[in-house]
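Mind having a look at this structure? Questions to follow.
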Amino acid sequence: MIIVMDHLANDEQINAVLARLEKAGFLIHLSAGVERTIIGAIGDKTHLKDMSLEAMPGVEKVVPILQPYKLASRAFHEEGTIIRVGGLEIGGDTVHVIAGPCAVESRDQLLVTAKTVKQAGATLLRGGAFKPRTSPYAFQGLEEEGLKLLAEAREATGLLIVTEVMDVRTLPMVAEYADILQIGARNMQNFFLLREMAKVDKPVLLKRGSSATFEEWLMAAEYIMAGGNYNVILCERGIRSFENYTRNTLDLSAVPVVKHLSHLPVIVDPSHATGRWRFVPAMSKAALAAGADGLIIEVHPNPPEALCDGPQSLTPDNFCSLMSNLKQLAAVLGRKLP
Amino acid sequence: MIIVMDHLANDEQINAVLARLEKAGFLIHLSAGVERTIIGAIGDKTHLKDMSLEAMPGVEKVVPILQPYKLASRAFHEEGTIIRVGGLEIGGDTVHVIAGPCAVESRDQLLVTAKTVKQAGATLLRGGAFKPRTSPYAFQGLEEEGLKLLAEAREATGLLIVTEVMDVRTLPMVAEYADILQIGARNMQNFFLLREMAKVDKPVLLKRGSSATFEEWLMAAEYIMAGGNYNVILCERGIRSFENYTRNTLDLSAVPVVKHLSHLPVIVDPSHATGRWRFVPAMSKAALAAGADGLIIEVHPNPPEALCDGPQSLTPDNFCSLMSNLKQLAAVLGRKLP
Amino acid sequence: MIIVMDHLANDEQINAVLARLEKAGFLIHLSAGVERTIIGAIGDKTHLKDMSLEAMPGVEKVVPILQPYKLASRAFHEEGTIIRVGGLEIGGDTVHVIAGPCAVESRDQLLVTAKTVKQAGATLLRGGAFKPRTSPYAFQGLEEEGLKLLAEAREATGLLIVTEVMDVRTLPMVAEYADILQIGARNMQNFFLLREMAKVDKPVLLKRGSSATFEEWLMAAEYIMAGGNYNVILCERGIRSFENYTRNTLDLSAVPVVKHLSHLPVIVDPSHATGRWRFVPAMSKAALAAGADGLIIEVHPNPPEALCDGPQSLTPDNFCSLMSNLKQLAAVLGRKLP
Amino acid sequence: MIIVMDHLANDEQINAVLARLEKAGFLIHLSAGVERTIIGAIGDKTHLKDMSLEAMPGVEKVVPILQPYKLASRAFHEEGTIIRVGGLEIGGDTVHVIAGPCAVESRDQLLVTAKTVKQAGATLLRGGAFKPRTSPYAFQGLEEEGLKLLAEAREATGLLIVTEVMDVRTLPMVAEYADILQIGARNMQNFFLLREMAKVDKPVLLKRGSSATFEEWLMAAEYIMAGGNYNVILCERGIRSFENYTRNTLDLSAVPVVKHLSHLPVIVDPSHATGRWRFVPAMSKAALAAGADGLIIEVHPNPPEALCDGPQSLTPDNFCSLMSNLKQLAAVLGRKLP
């Protein structure tokens, strides 16, 4: 890290910083310029956060230089990580599509959707059983009954199940039914929950928080990995910007950037990102072209009757037509759909 | 709400929307303009979220008109709410200052700080016992030992205790020791946790999420109130913007705006907002002038040695000097400090 | 538009608003609900901005319903607009790539680049002659000499010239040399300049301002169109968000959204959006897959020696390889490169 | 600056960077760590922007350490700058209030407003003569007639005139009538205009762009100062965030931060920031308490009839009452109103 001293900092203040860094075992480069003194400190970056150097008199600012994550970094694992689950490989040549309704609403709704998306080429089924919503007055999910329906749909179709874990108490129950555990955008920095995910023997689909930087997102992955679970799949789902015609602003540069910084697979959720079914096909294709390892897409047999997120759900017809486009596209991109 | 039809929407599509709204019990105003048809629907707004009208063919967009929160709204309770806790009134003429360290680090650190801030005029003591951090490698808090030290500091000084609840499992333990339970910015939309807060018989200090709109923040308060706990204190602590010289962007307009929209007390956290002790006094005074009902300020006996957030902590001296300024300021604003 | 009255608004205040609207010729729908009164006003939306209804006592807020732009809207011109310039059609089946250096630096630099990008399949050449920069101490462009070099490069290669107009004084000079006039992101709401663009008989490439909404961007196009110049090409080049690993956040949803709202062609600038050459190929492919009508890409014969924006410039080799990928991709998307 | 090499960078790549820096005259600190090589380069920072080091193979990123502005920095001029104009001192103990309508609409409107605000304690009159608006269909200003009315109001009241310059062509005309020339938020990075402002012998009121960082804002001031005009007053007027209940998000931390980084006076515009008259008094008081050297407030004799920005204009009564509050407040802050 670099410590930039104030232009008025005196020798005593500079020496106090140097003494503190030396005591902490850092190797030091001192550069006493005409305008101001700058101190380079080299050492174990995991201690920096606890040093509060900016609170010392005469310190103008501290500039970190290295990434704070280790296990999640590309430097730690040069090859892209492939996550194996139920016979599928996520992060390899094959692009996987996770499809299904926002919320599990009924046996009928779920099974019809599952069969449709399976036939169209999806390999995983999504569906929320716990759905606490922005409004306390809205539909809140079928809970364990929803999980059972997901398991039934897996039986019927062979699709693997991806569903969200909302809190530590229900984690064991969800883990019993799901193949991949999703951490939603709002829980990306729920560190208590992340610690528990580290102990589960299932892959985690970690959504980017709606105002999380790439670094914060990778630090959340680091939390899970540091605890022992290396099977983390990252999911870009749009960030909050000033533009609100779309529900969020899909940051597709996340795909090449995070694949450059990290070895973990990256998938994209165009449904939550745009919030409008009309724009989902274009953004699905764009995500694939940007290099995404997969997509998670909301599909509902009758979107206007959906209890949750109908406006962003594709009809089965629109989904099938999109899948057929994605197959052609994957071919020229050196990828394939199953 | 207003449903704006696409300019190419045909009669069949318009009639389908009308039929759906009528069936749901809405009163309808139809305005068939030259350019496009617009439908006004009046009725119970709590059902709207579940209607997915934007998924119907021919619908361009749905514009909500009324606020989705009820109990938190100023219309529900014309007078400003005063929250009574341990002999204090929050939301009345008296401005309360909550002060203390980011994290409880040791008996000594906490008691010294508590005595200092008490003497300077603070009425409540802050201090985190559970501190899961952005990095899994940083100090994570003293947990129950920290809570015990907080209780001891209350004994010694008479200050009430404000401390953060991080998850549902530790809530009962925290509630045993604290006078006011804080929900941090990252948990503002942790709906499982909010539901539990509704059942606790203690006031809740609800921080604004770093990318939460005023409406989302008030909806989070609504969650707690809808479950039966009406003692919610709102806390503005800065939002995420493109500017990162400051840790967050303190949105002081939150004070008059939220007090216009809601009857709940609003306090301000200038420490997390700016992230730098140097700017805390100016923003504390500004918050008071904007009409805040209180402040929550980080104070540490020796900021450079703080295990957490030292750069934004005031020294005891700086805090005392600020309190003396705030007292004078309150007088000309028609408020007072205790 | 909808006027939402305060819940405490009295009859006198409501009547004053009604009287004002009636006098201005609006058709009115009054909805006096239990909680509050809501007024719908139908009429010429171009007058609304001048009415300041929110300044009237008892008015809580005014919610506009219709788009404020007319000529730029899809409703005005159902078919997508094709802009014809120098034998090229922009907005049709063919995707055009504009390539070249950020700034014209020398005859050699420009001609080498022009020949390379021409051979690789570009049809237009970019290059800045006026380059006022964030710092007053940086290279500011070759001015008219740069324009002459651009014209020479057109002679030599047949590429059309796209270059930026920075102010009204130099507009006639730039218009003499260029085939398409670019309005940069910082000038998107320079209304004096937009008015002049309306009078020029050349197509305008209008970049989105870095914090402009879709609506503001289309209103800027409306300015040019309202003055008589209908040949506007829109260019998404990234917006400012909290994420600063990339120079801007490329908002690719702009492509399908703006093509839904408007009939104008939309192209994408992945170079300014990402700010790093490494991510330009992925985002170029993504833009094409999202439906862009063209791309504008920075290419420099020796990026580390570039006087401007070297970090985001492709080498000739990387550009050729990208163009070959784009050709294959266009084929499966139902588009083609020239 | 610090050059961080990729973890895979080889010796040849590192040596190429070193050679380039040495040739450019930089002093170098090399730190070849286990994980990656880091290069510190010390020298003339004005050259860095032109070096495009990030385009060199093996370079991961370049981290600038020093501020890019010099003349605008506090280090250049330790004491706060006081700007003297027409007998007033801006930046000293006295807080000045600039008040008046958004746009000059008529002789009557302007003179009535001028007399009112003068009597209430304002020392400067604002009013726009050139008003190109977001919509080409809205009122665009009285132009030179407006400037003449402003001069007449100055005659009648003794108030100094602050009005906006929109482009280089009308600058001489505006400079003839105005005492202080305003650069609006949209022109903050109109470098052609900034260069001209450098040559005018009048103080410049430089508004912060709605998505400009503190550094970019100070670089815009540097443009004007580098050309010879040191009389720059900075004006915070709100930034664009995701929150759109208010027109902009007033970033009051700009006041202490910019006064820490720079010696220039800083004033605040609560009218454009909030966009709603109701919140202007609270934010005016907050700005004063944060340390602002002045305020610019919109006042209109009859806001609902204003041709521009009525919703954010105070009535004369509300303005007088605010001024009386500000006077009391200034006293306890160690400032005074005239």
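Think of it as A, B, C and D in the order they're written, each chain with its own count starting at 1.
Methods note: a contact is a pair of C-beta atoms (placed from the backbone, for glycine too) under 8 Å apart; a residue touches a chain by one contact, two chains touch by 3 or more.
Please read all numbers here as calculations on a predicted model, not as lab measurements.
Looking at B-D and A-D, the interface holding more C-beta pairs in contact is that of B-D.
Among the remaining chains, the Cα-based centre furthest from that of subunit D is the centre of A.
Subunit B and subunit D, compared by their mean Cα positions, are separated by 31 Å. One inter-chain figure worth recording: subunit C and subunit D are separated by 26 Å, centre to centre, where each centre is the mean of the chain's CA atoms.
Each chain gets a centre from the mean of its Cα atoms; for subunit A and subunit D, those two points are 38 Å apart. Shared interface positions of subunit C, i.e. residues touching 2 or more other chains, are given as 211, 240-242, 244.
Residues 211, 213-215, 239, 241-246, 249-253, 255-257, 260, 273-274, 278-279, 282-283, 285-291, 328-329, 331-333 of subunit B are the ones touching subunit D in the complex.
Per the touch definition, subunit C reaches subunit B in the complex via residues 2, 4, 7, 29, 31, 33, 35-36, 38, 40, 42, 63, 65-66, 74-75, 240-242, 244.
Chain contact summary for the complex, subunit A toward subunit B: residues 20, 46, 49-56, 68, 132-139, 166-169, 186-187, 189-193, 195, 210-211, 216, 219, 222-223, 226-227, 240, 276-277, 303-311, 313.
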